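Before any comments, here is the structure.
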Amino acid sequence: MSPPLLEARGISKAFRGAQALSGVDLTLREGEIHALMGENGAGKSTLIKVLTGVHPPDAGTIQWEGRPIQPRTPHEAEGHGISTVYQEVNLVPNLSIADNLLLGRQPTRLGLIRGGEVRRRASASLTRLGLDLDVRAPLGSCSLAVQQMVAIARALDIQARLLILDEPTSSLDEREVATLFSLLGRLKEKGLAILFVTHFLDQVYALADRITVLRNGARVGDYPVAELPRLRLIEAMLGREFHPVSPATDAPRSDSPTPPEAFTPLLEARGLGRSGGMNPVDLSIHPGEILGLSGLLGSGRTETARMLFGVDRPDQGSLRINGAEQEIRSPREGLRLGLAYCAEDRKAEGIIPNLSVRENLILAVQAGRGPLRLMGRAEQETLADHYIRALNIRTASRETPIRNLSGGNQQKVLLARWLALQPKLILLDEPTRGIDVGAKAEIERLVASLRGAGTAVLFISSDLEEMVRNCQRVAVLKDRRKIGELAGADITPSGIMRLIAHHEG
Amino acid sequence: PAARAAARTKPLTVGFAQVGAESAWRTAETESIKGEASKRGITLKFSDAQGKQENQIKAVRGFIAQGVDAIILAPVVETGWEPVLRDAKRARIPVVLVDRGIKVSDDSLFATLIASDFIAEGRMAAEWLSRKLNGKGNIVELQGTPGAAPAIDRKKGFEAGIASAPGLKIIASQSGDFRRATGKEVMEALLKKHGTEIQAVYAHNDDMAIGAIQAIEESGRKPGSEVVVVSIDGVRGAFESMVAGKLNCTVECNPLLGPLAYDAVEKAVAGEKLPRKTVVPDRVYEQSTARASIGSRQY
Amino acid sequence: MKDDPTLPRQPRLRAWFPGGSLLWPLAGLGALLLFNLVFATGFFRLELRDGHVYGTLVDILNQGSKAMLLSIGMTLVIASGGVDLSVGSLMAISGAVAATAVAKGTVPFGAAVGAALAAGGFAGLCNGFLVAVVRIQPIVATLILMVAGRGIAMLLTDGQIVTFEHPAFVFLGNGHLAGLPFTLFLVLLSLGATALVMRRTAAGLFLESVGDNERAAALCGISGTRVKLWVYAFSGLCAALAGLVATSNVKAADSSRVGEMMELDAIFAVVVGGTSLTGGRFTLLGSLIGAILIQTLTTTLYNLGLEPAIAPVPKAIVVVGVCLLQSSRFRGELSGWLRSRRAAA
Amino acid sequence: MASLKEGRRVKLRHSRSLPLLATTGVLAILYTSASLLYPGFFTVRVFLNLLGDNAFLGITAIGMTFVILSGGIDLSVGAVVAFTGTLIASLLTRGTPPGWAMLLALAIGSTFGGAMGFLIHRYELPPFLVTLGGMFFARGMSFVVSKESVGITHPLYQQASDFGLPVAGGASLPLTGILFLGVVALGVTVAHGTRFGRNLYALGGNEASARLMGLPVGGVKIAAYALNGFCSALAGIVATLYMGSGNPAMGFGLELDAIASVVIGGTLLTGGAGSPAGTLVGVLIFGTLQTALVFDGRLNSWWLRIAVGLLLLLFILLQRVLSRPAGARHP
């Protein structure tokens, strides 16, 4: 057998606090389409970025055709023949389509770009992808799908030996996906190696030859597609035994009964939606109830939570809180109505990195009181100390800047921030993402105790077992649409997955 | 000249490129030139360069393009006028310089210069001071903007003036930029450094002197008696200070150049040959004469 | 980028240079004072004259008062993640308003000061509107008033230098209280009041949250828009006060020159004082020390007899040096270099 | 679905030439009103003067356009113009041949700009602060070179500054104007016709993307500042031609005029959109206002600053309105 085209061994990468990759191996061969699978945050994009010189690895080696390489920039990787489309559509919206396609490698004569030639070549590459566009139009004015196609066309434009596509299909429609796949098939025939990431299982089985699965930054395995049926793949990704035929092995779910329907729900949404964001959904949550929101990546869970809290304003449907019609136009209004939202992106929307644990913790309570009535120092400290003890937050002191805490402890401080408000409804978006097992358990205990105190909880998690353990009801989303609801004993990982797998969007 | 002006069918149009409005002296000059123009029925195009030579050059070129009959220029610095003045000459527009000279290789580039003799002013200040201090004492000099002709010449004249009195010593000389605020700050620093050694202050203009007087007062000494202050320009503020006994002497540098300037303009337009330089006579005012003349001061 | 996890960490130097520490500005000030102790005779001499404390140190505080006043407002603006370039021009506007009002003689002094402060506050509010509501970058939004403001001031004074002898107005910038310059009390009062409002209400907390992470603050119900409006208006108010002091100092409103380049001194004071230009945590005391440091530098240069025109050179070197020290990458390279030096020795 | 139609329709709505059109419209309106108000304004000579008188401002503004396109800003340009002008003038008085003096000035200007770019890129310092330091440094250094304006008497210089390209009606385009137009032409070519130019737009548009697209981001950024330094030095040379002297106090506040011209010319201060051609129009607007003020001869010159401030506001608001719908949400 010929040596592999690319062979990565023992790749590790840590970001401040978080181990994104630990000792990952990856082998890619010529003429092979290789799928990289794994849950959200499993480390797929990070692996790709390490391979292509965006991030320097902390440890590990990369062999290219048997020789070690260490690309330091994407530019250098391209020099070796590795062409990449990163997950974030990484183009420049203010330049034309043609410019974007050929940026940095435009044909020139005497140092001057040959405009006609650029446009001709750009049109030609787009035609190969079945696109007929005015290549002079600014890219920013095109739909996300077109932008993604242009990014792919750009990657295909160079004579690459390895093509890496990180979620290339997330915003393409079926016909575009079909065009792309037939093109990828032709490239494979020509001997190109292709690594691609997608969350659509059908696409993996339609296209890939081999699958590498990552979980929590580690490699689970490397399998030929034929040897890995869908459910085994999902098991590998989620990291648990998963037997669809015997629900008995599903984790036992909490057996507390759902509050009687007779009570007025705390929150009731009817056809709440946002054009361009979320299709209309119906939801209701009762006091003392934990409603789970389940779905795959990009199914619209975060979008729903943001809409309920007023971060993104819904433009259709109605919302009732405690039976009274309400319109929530901003987080301030949401807070006033007794809602609290613990955002998914801890760094961008959660912590105030340079402020102390204490300040981060009291911020929402203080904001509710307005700027003039500052909580007394003693009151602040009591509150902070209370939650530091109650949630077992590990910090040097309550005055430590929160950025110095580990991710899990940061998350607990944020939870404490919202709990201190004593909200009637708390929206928890991936509260356990990226934190260790112990902290996870503590947070789950906390959620359960909230419920006991009569607080309503909207719980979002990608960890299905966690959903099963914690929720009385689970609304399942797919493609930004609610496709069903499970309650009581029906809530099992397989139940949720079956709903997603068999629902025809 | 009045008769000739009346004989013209069209009133004269004159462009005046002023430096800016950085001091009371400057605004007095502007007012004089503006006032005299309306008195004589001359259309005046006025441009304030905000202290920038490049703006002045642009203004002069604008005047040339506009086809004015003559240009009055108060140059902000001495060098850098040749190209634009050659333009004016080609367009046959006479240029009358006011209040300071310029360095050019070709003297025919301007019609005449109407200005005080800065060197003489410096010398007069020195002579007065020498008499006042009986030829002995330590002097602090507050210079004008570095590179400006009045600053250079007033320094030169003053140094020449005290040369005859070996007892007079300039113990410090720094730029106060012709500004009150800077004059005050620099004086404060010098007072700290030299303390009671300072017997006299010579400022290149009244504004700096007024700033320095404030600094001296704040240091607890009495300007006008313990520290002799002499300056140049003779603006109203200086007279007020003299009346108050804080400033000892100011050498007038007359900014009321309007009448002289338009006389020169009218002659130049008529093709008359003008002297290279018209020196505006300056005189010394001291405390004893200040009260009598303050009422008649126009600026 | 301040939180880029890919940057290497330098524990050793970092321990010496925590963000917001007063150590570096104080060290710089100390070095300057030491220099003067050795090379400038009489720099530290203080004496009582006419019941006024008199000496170079008092001068530094007195002359630095304008930069200090500006830096109070600038600190808050920078803490909000912005910057205010217009303060120098606003100084000119406030001086022009007050001086023309006082020179007319018909307007009571309180009203003149009130009008000047109101003008500054309103102009600041305009800046705040452009930044917070229209969402224009702060540098650009405040550039507009920086360019136009001085023109407005010139129009107010009709291009003249307006002089006045109003005793109360003159006292503002020249008077003494308990033997010390009144401006000193003005600065301490403004600083004290600001610090009190910032630390005794939640305003400081809200401001730091907005500057550090506006999106997170918004989810807590803190309106970044409102915070920024206030902060720019306040900066305009501080600029107006500084303009009054500068105008009173020389008993004349010189619209074309007053406050010229002062915005830079104020920004430098804040940055040197340890408040990061990226926003968030701020230290008013640090800015005060920064302003004193810059004024001490200026006075030292006067003392050395250096031309005012050349003075910017050492200033530039100090400022870029301090900025470099705040870059973690530079600190990393520096400590690496120091280590290799030590290893070689 | 993406189609030919989509590309076309969108192009009309978000046409990138819209800001340029708006700017040109404003220039036309200003020029026409001035011509109607002031006799003698509508002449070839006045127009050519506009180019010649604003040449050093224009050349600085073109350099500034590159920096702003890259997403940065440079406050040091006015001081660099003064420094190089003074340096050349004092070198000439010491007998250095003009060619060498100019080459040295250009080299110093480019190096100085490049050094600031290096600090900005490598240590991730705010451009605003670094170039502010640069401004202080260069201004102080020009006074170190000479405390006063230095006259240039070199015969070659006299010929050069008197040279004019005859155009029409006895009016001629001075050498400074020719240089300005040359720099504009070069600037437009570099911005739109070279890889470097396109990379610059990409960098200003989205730096992270530019990096992921494999563009040499650091090199482009440093080169933009170096190019700007080069333009400032060239503007310094033009200033010596214009005035026949080197003045250490000149160009005070020039950076603001340059930035204002760039913005009025339709270049986005956030970077990534605009063009040197727009900057030419912006400079002409600036010059027209100033010339009209001289022609009027009654208005306080400070109206110019207010007018520029208002124009800035107008164009920034215009840019906001234009760029808002184009900014599709990116995840």
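We just call them A, B, C and D in the order they show up, numbering each chain from 1.
Keep this in mind: contacts are C-beta pairs under 8 Å (C-beta built on N, C-alpha and C of every residue); 3 or more make two chains touch, one makes a residue touch a chain.
If you're wondering where the values come from, they're calculated on a predicted model, not measured in any experiment.
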Exercise. For the chain pairs B-D and B-C, which is connected through the larger number of C-beta pairs in contact?
Worked result: B-D
For this session: If we define chain centres by averaging CA atoms, which chain lands farthest from subunit D? Would you check?
Result: A
Exercise. At what distance in angstrom does the C-alpha mean of subunit D lie from that of subunit B?
Worked result: 36
Seminar exercise, completed: Expressed in whole Å, how far the mean CA point of subunit A lies from that of subunit C is 44
Exercise. Subunit A to subunit B: how many Å between their CA centres?
Worked result: 74
Seminar exercise, completed: Residue numbers in subunit A touching two or more further chains are none
Exercise. What are the residue numbers in subunit C that touch two or more other chains?
Worked result: 154, 159, 307, 309
Seminar exercise, completed: Residue numbers in subunit D touching two or more further chains are 143, 147, 248, 300, 302
For this session: Over in the complex, which subunit D residues touch subunit B? Could you list them?
Result: 38, 40-41, 43, 45-46, 49, 52-54, 56, 143, 146-151, 153, 158, 161-162, 239, 241-245, 247-252, 290-291, 293-298, 300-302
Seminar exercise, completed: So, in the complex, the side of subunit C touching subunit D is made of residues 1, 83, 130, 134-137, 139-141, 143-152, 154-155, 158-159, 264, 267, 271, 277, 307, 309-317, 319-320, 323-324, 327, 329-330
Seminar exercise, completed: Note: in the complex, subunit D contacts subunit C through residues 73, 119, 122-126, 128-130, 132-137, 139-141, 143-144, 147, 248, 256, 259-260, 263, 269-270, 300, 302-306, 308-310, 312-313, 316-317, 320
Exercise. Okay, in this complex, where on subunit B does subunit C touch?
Worked result: 20-24, 27, 48, 50-51, 146, 172, 174-175, 177, 179-182, 184-186, 188-189, 192-193, 195, 210-211, 214, 218-220, 237
Seminar exercise, completed: The residues of subunit C that touch subunit A in their complex are 3, 5-6, 19, 200-203, 205-206, 208-209, 212-213, 215-223, 280-281
